[in-house]
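As written, the chain order gives the labels A, B, C and D, with residue 1 at the start of each chain.
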Amino acid sequence: MEKLTMKERYDEFISRFGWPRIIIGMFLLFLFIVAPFVGVSVSTSLSDTINRFGMNCILVLAMVPMIHSGCGLNFGLPLGIIAGLLGATLSLQFEFVGASSFAMAIVFATPFALLFGWGYGKLLNKVKGGEMMIATYVGFSSVAFMCMMWLLLPYSNPTMVWGFEGKGLRTTISTEGYYLHILNDFLAIPIGDHFTFPTGMILFFALLAFLVWAFLHTKKGTAMTAVGSNPIFAKASGINIDKIRILSVMMSTWLGAIGILVYQQSFGFIQLYMGPFFMALPAVSAILIGGASVNKASIPNVIIGTFLFQGILTMTPSVMNSAIQTDMSEVIRIIVSNGMILYALTRKTEATR
Amino acid sequence: MSEENDVLLEMRNISKDFSGNQVLSDINFTVREGEILGLVGENGAGKSTLMKILFGMDEIQATGGYGGKVIIDGEEVNFTTPLDALDKGIGMVHQEFSLLPNFTAAENILLNREPVKKSIVSDLFGDRMDSIDREKMTELADKAIVKLDVELDSSMKVSSMPVGHMQFTEIARELSKAGKGENQGIRLLVLDEPTAVLSEQEANSLLVAMRKLSKRGIAIIFISHRLQEIIDVCDNMMVMRDGLIIKHTPAKGVKVQDIAKWMVGRSVKTEIEHRTFDYSGKETVLSIENLWVDMPGETVRDINLDVKKGEIIGIGGMAGQGKLGIPNGVMGLYTSGGKLTFEGKELLLNNPKSLLDAGLAFVSEDRRGVGLLLDETLEWNVSFSAMQVNNKYLKKYFKGLFSWRDTEAIEKATNEYVESLQIKCISTKQKAKELSGGNQQKICLAKAFALEPKLLFVAEPTRGIDIGAKALVLQALRKYNQEAGTTIIMVSSELEELRLICDRVAIITDGKVAGILPATDPSEDFGLLMVGEKVED
Amino acid sequence: MTRRTIVRISALVVILLLAFAMLRIGRQHSILLDDKTVTVQGQEYKALDMVEVKVDKQDSVELVKRDRDVAVVTGQSHKIKVTYTDAQWNEIELERKIKIPFDKEMIVFSVPAFIENPDDDTYYLMPFETTSVGN
Amino acid sequence: MKITKETFIKLFRNNLVTVMFVIICAFGIPLSGYSANYLIGEIIVRISRNSFLILSLLIPIMAGMGLNFGMTLGAMAGEIALIFVTDWSVVGIPAMVLACILSVPFSIILGTICGRILNKAKGREMVTSYIIGFFMNGVYQLFVLYAMGPIIPIKNKALVLPRGYGIRNTVNLIGIRRSLDDLIKVRISGVSVPVATFLVIAVACVFIVWFRKTKLGQDMRAVGQDLEVSSAAGIKVENTRVVSIVLSTVLAGFGMVLYLQNMGTLNTYNSHTQIGMFSIAAILVGGASVNKASIPNVFLGVILFHLMFIVSPMAGKNLIGQAQLGEYFRVFVSYGVITLSLVLYEMRKKREANDSAQLLETEQEGYNND
């Protein structure tokens, strides 16, 4: 390696991170700096940020396999979430409590996730090139379809169904008494009186992240990356592209299912009906903010992205509110997240998919 | 056409080099009004470059312009865009169609030159709001078609046309273009392989049309590989080879054999010398029967070919004749059909895995598209196929339950290949896209070698790489063949290159095997095969 | 200055004019019909016991002393018809065109002032101040 | 025999969505138990309300840019215009004309931005335009929720949120409510027909028909078929694409004004979000596809789609005693339709690619036989 000049280093840094990421990073840093001056406790907001990070990072992780196999950004995440919801509701239906309810939720969710993922993958193979748009609408239609199912399916656990009718699931179900904070409180470390580190949740993510990372280092995982990087090359090397893509979609869908369960146990509620509808966009933009592109993504992208994105989401309301007495966080969220996706979609360098 | 017609175009001492290597040198010729000048030569003989100069294509300026003079009507011109050429009444019909399938012939002929009726709003929103004058459009289109004097319905959609009519539409479009000022309309028309895609009678009616055009005083430069056509229709003909005009003669009385002689036999300077391969007792390792391949632009029809163990067999032929379709079809990159028997076992087509498992490998002509993972490291590029196909470079855990990428082994192997093939790179962690063409080609070879194949397809191994690299690549192939005893099937448009390192060379024309000759046979014979003539003996 | 630019500019002007015209004719104003004792330019006008006011084609409203009613109208110029009986019990009918200034959303129309000098709107059309709300 | 069967299958395959909807409606209408008169009345209202918006989709499809999910931008422009008009307390037809004029500059700006971005994302216009819709929604909120009041003066207190700036969630458009619909009103056997609105829509149709015949229209059709060939012929490809989007946005702006005058209230932050989706679903139901659409598609689409929309809640109620189910059903169908037609479109592209291979195979059989 020959020495790089300062300029080159700088340019390389910029090109590796990309302006949007740097700006967002700076913005977050700025928020943390001004926080104390406008009377926002840094430790609280940091704690919130980490909490939200834990809640969302697995949903973001769910992007990685599909991006690697070149299926593009997984706008179809709701499909995985639905699998998770089925798992959750079933586990509650059978009155599992505490840790076992969470475990069983995962157990119940898995077959659905794999099944949905398989079908979804098959579909995406039929529409190579148009994946993202179709993924979006597969997500939407599946959510709408499940809306009907939630009404019709014969759930009976009184904590879940509408009181007066005795059938049809509620729009939000509390995980209270089932698996609320099951991971958050596991080995949770209170630091100061405003800051608690949700060890369990972070460990759980670490575990899944490791599994994904490990998979990408196996023979199959290598093949997956190659398929994403240059499908024709992969084909020429005897890879069955369709199989690999389906596998990746199944992985993504399963991760989505697990992701929502972790989200619920921290959030405290199972959101049914239109709940999962717009859950894809934040996850997509998070990973893009983390430095992923339409056909390249890594675990660090997930971690950095989720942290930055959730950081902005937690910090802007509090800081903005106390600073200028107006809450622009919602608007900022919309602009930042979608702006990020646009940026990724319009970059010349990316594969046309 | 007669000598007293005055000179329309003269090209004087034209020369051109692309970053050092000379592709054209002292080209001199003239075209008179109404003259039909045939232009023949192998691929890469310099025809297309010459035309690009004439039309002032920007890639010529981009690569430092050209030497010599282009003179039209006695005054020197220096076109910077094809539109300048058009203003002087010089038009070209390219080999590949540029037509819009859902438009009618008329719409295509007058694309973006449609006659319009002024409309009130156009003052408000600009000329593009003028409404199109359909009647006028049809009228103009028909006028062009009449000039060409062929059967062509101007109201027919291109998508429902026979190929011939598409070609006519293309030509009619050029004819309909009006030059500026005094020289109305097209005066010199360049036709690049217009008959390549046409059927027999379609081609004939085109030739008739060409003669009619020349009667109207329109000069034509006719580029074709169908030599008989050249002889039939042209007044004069030029043969190019290695960027030189080998021959410039009246077409009357010339024999196809002569032209073939002039065309081929380009000089290749490397220190590799021909070897003699002993076929005695060599059994057939691969036999291809009734192979068809649907590769756009390189369609293969009904190929039958037997490959002997340990030989290097070349596959040559003009571009677009289907030679490239063979490896791509066999290796399952394009839909194909037929029977493939390797070492006595029949292989599944359209299934790369089975072929690779059987011990076949392929170095694609499309390096960037098929050959490489441009965004990945050299290590990945070299090791990937071998890892996937014969489980090399993998650490096994839990009795092979998990097979882990063995980074050390990969790095080691890659470094070895970088050594042995003299690949110039900063490190094996470098991205493939950062390498030069020649080195990328070597990476592709390394990838194939890592597979330790029994039979290796190599397509256009020297395309777009400089002379030095060429020699190295060819030697590497020869060496590998001798040391590992791998049978090699090499596809190339460079006939001499094939004759140099191959033992036999098969020539493909029109998607079929025109003939197989020992590499030692004289170039002319190959030339004849290439232009679809039978060698009489 | 080519023909084209001329056309374009004039088109733009036309559109702007149209927009402005629309703004004027489409603008909504509310006329507060007022039957209160008022003092305009040092002169006092006594409120009437009973008066009938009709704006354009709208159905007429009856006002008693210290009464106020509102007529919502679009556009600027309107016809106002006031019918009342004077001391001699003979019915008098006054009809005038009034023009509401464009910028005024609300304007007070003082009936008493109007009756005294119907031909000078500076007397009976007065800007609406919030203070005069609620009697 | 074989040929006719083939063609029939092709026909069915290419109009699958439409056929499906006819079936849904065929089942839904009796189930809902609505009277024919009621349905016809409703449908007429829906046509007058939506078809202009849907017409705005035709031009980008013509230019090969797919379904313009960015039409929401036009809707936003229309809404902003209406907010201003309401603030100035202008009413009736003048208000509508003014709103239309006012919406144009906004539409042009937004449309140009959208078009420019789409030129950077060739090959994935749809998903990009879809995201642009979201993105601009953010910008729109910034504008309406924060800029309106402090920066852009809003006099009418009824519009402004209690906190003193930003527009309320619903703006009452009583001033212009049905002002066009009721301009010329004809009752035919108890069904009232908003003639004036239909006239406006007719004008829009005529415009589109005429536009196809212009040079620009021709260029768009060319660009829509092949970017390379078009630019080789000297057509300003990028510019043409931008223009097509701008036009679509402007039309959508007008469409929104028409739509809202019929509705009578403006949901400041929601009205536009669904518009794109419903309009696209409708045109697809009408038999359009990503790369070809016609005016009949628009009207057939409005009728079928909204028939389904009207009957499904009632049908759901009568079927399983839950109107809610019907509500969800129609949401599901609207998304399902788009999904289905996108999938069918992609698959059709694939099929066409395979045809040439089959050709060769048969040819080869020819060789083998002799």
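The rule is simple: a contact is a pair of C-beta atoms (placed from the backbone, for glycine too) under 8 Å apart; a residue touches a chain by one contact, two chains touch by 3 or more.
All values reported here derive from a predicted model rather than from experimental measurement.
A.B. asks: Hop distance check: chain B to chain C, minimum number of steps through touching chains?
C.D. replies: The least step count works out to 1.
A.B. asks: Tell me which of A-D and A-B has more C-beta pairs in contact.
C.D. replies: A-D
A.B. asks: Among the chains, which one keeps its Cα centre farthest from the Cα centre of chain B?
C.D. replies: Between chain B and the rest, the longest centre separation is with C.
A.B. asks: Counting only Cα atoms for the centres, state how far chain A is from chain D in Å.
C.D. replies: Whole-Å distance between the two chain centres: 31.
A.B. asks: I'd like the Å distance between the centres of chain A and chain B, where a centre is the mean of that chain's Cα atoms.
C.D. replies: 48
A.B. asks: Using Cα averages as centroids, what's the distance between chain C and chain D in whole Å?
C.D. replies: The separation of the two C-alpha centroids amounts to 45 Å.
A.B. asks: Distance from the CA centroid of chain A to that of chain C, rounded to the nearest Å?
C.D. replies: The computed centroid separation for chain A versus chain C comes out at 63 Å.
A.B. asks: According to the definition already given, which pairs of chains are in contact?
C.D. replies: Touching chain pairs, listed by label, are A-B, A-D, B-C, B-D, C-D.
A.B. asks: Show me the residue ranges of chain A that touch chain B in the complex, using the header's touch definition.
C.D. replies: Interface residues on the chain A side: 1-2, 217-219, 221-223, 225-226, 229-230, 232-233, 235-240, 296.
A.B. asks: With touch defined as at the start, can you tell me which chain D residues reach chain C in the complex?
C.D. replies: Where chain D meets chain C, its residues are 88-95, 97-98, 101-102, 175.
A.B. asks: Show me the residue ranges of chain B that touch chain D in the complex, using the header's touch definition.
C.D. replies: On the chain B side, the touching residues are 83, 98-103, 107, 111-112, 114, 116, 119, 127-132, 290, 292-294, 296, 299, 301-302, 335, 337-338.
A.B. asks: Touching chain A in the complex: which residues of chain B?
C.D. replies: 331-333, 352-353, 355-357, 362, 364, 369-376, 380, 384-385, 387-389, 391, 394, 402-405, 426-427
A.B. asks: So in the complex, which bits of chain D are touching chain B?
C.D. replies: These residues of chain D touch chain B: 210, 213-216, 218-219, 221-222, 225-226, 228-230, 232-235, 354, 356-357, 359-361, 363-364, 367-368.
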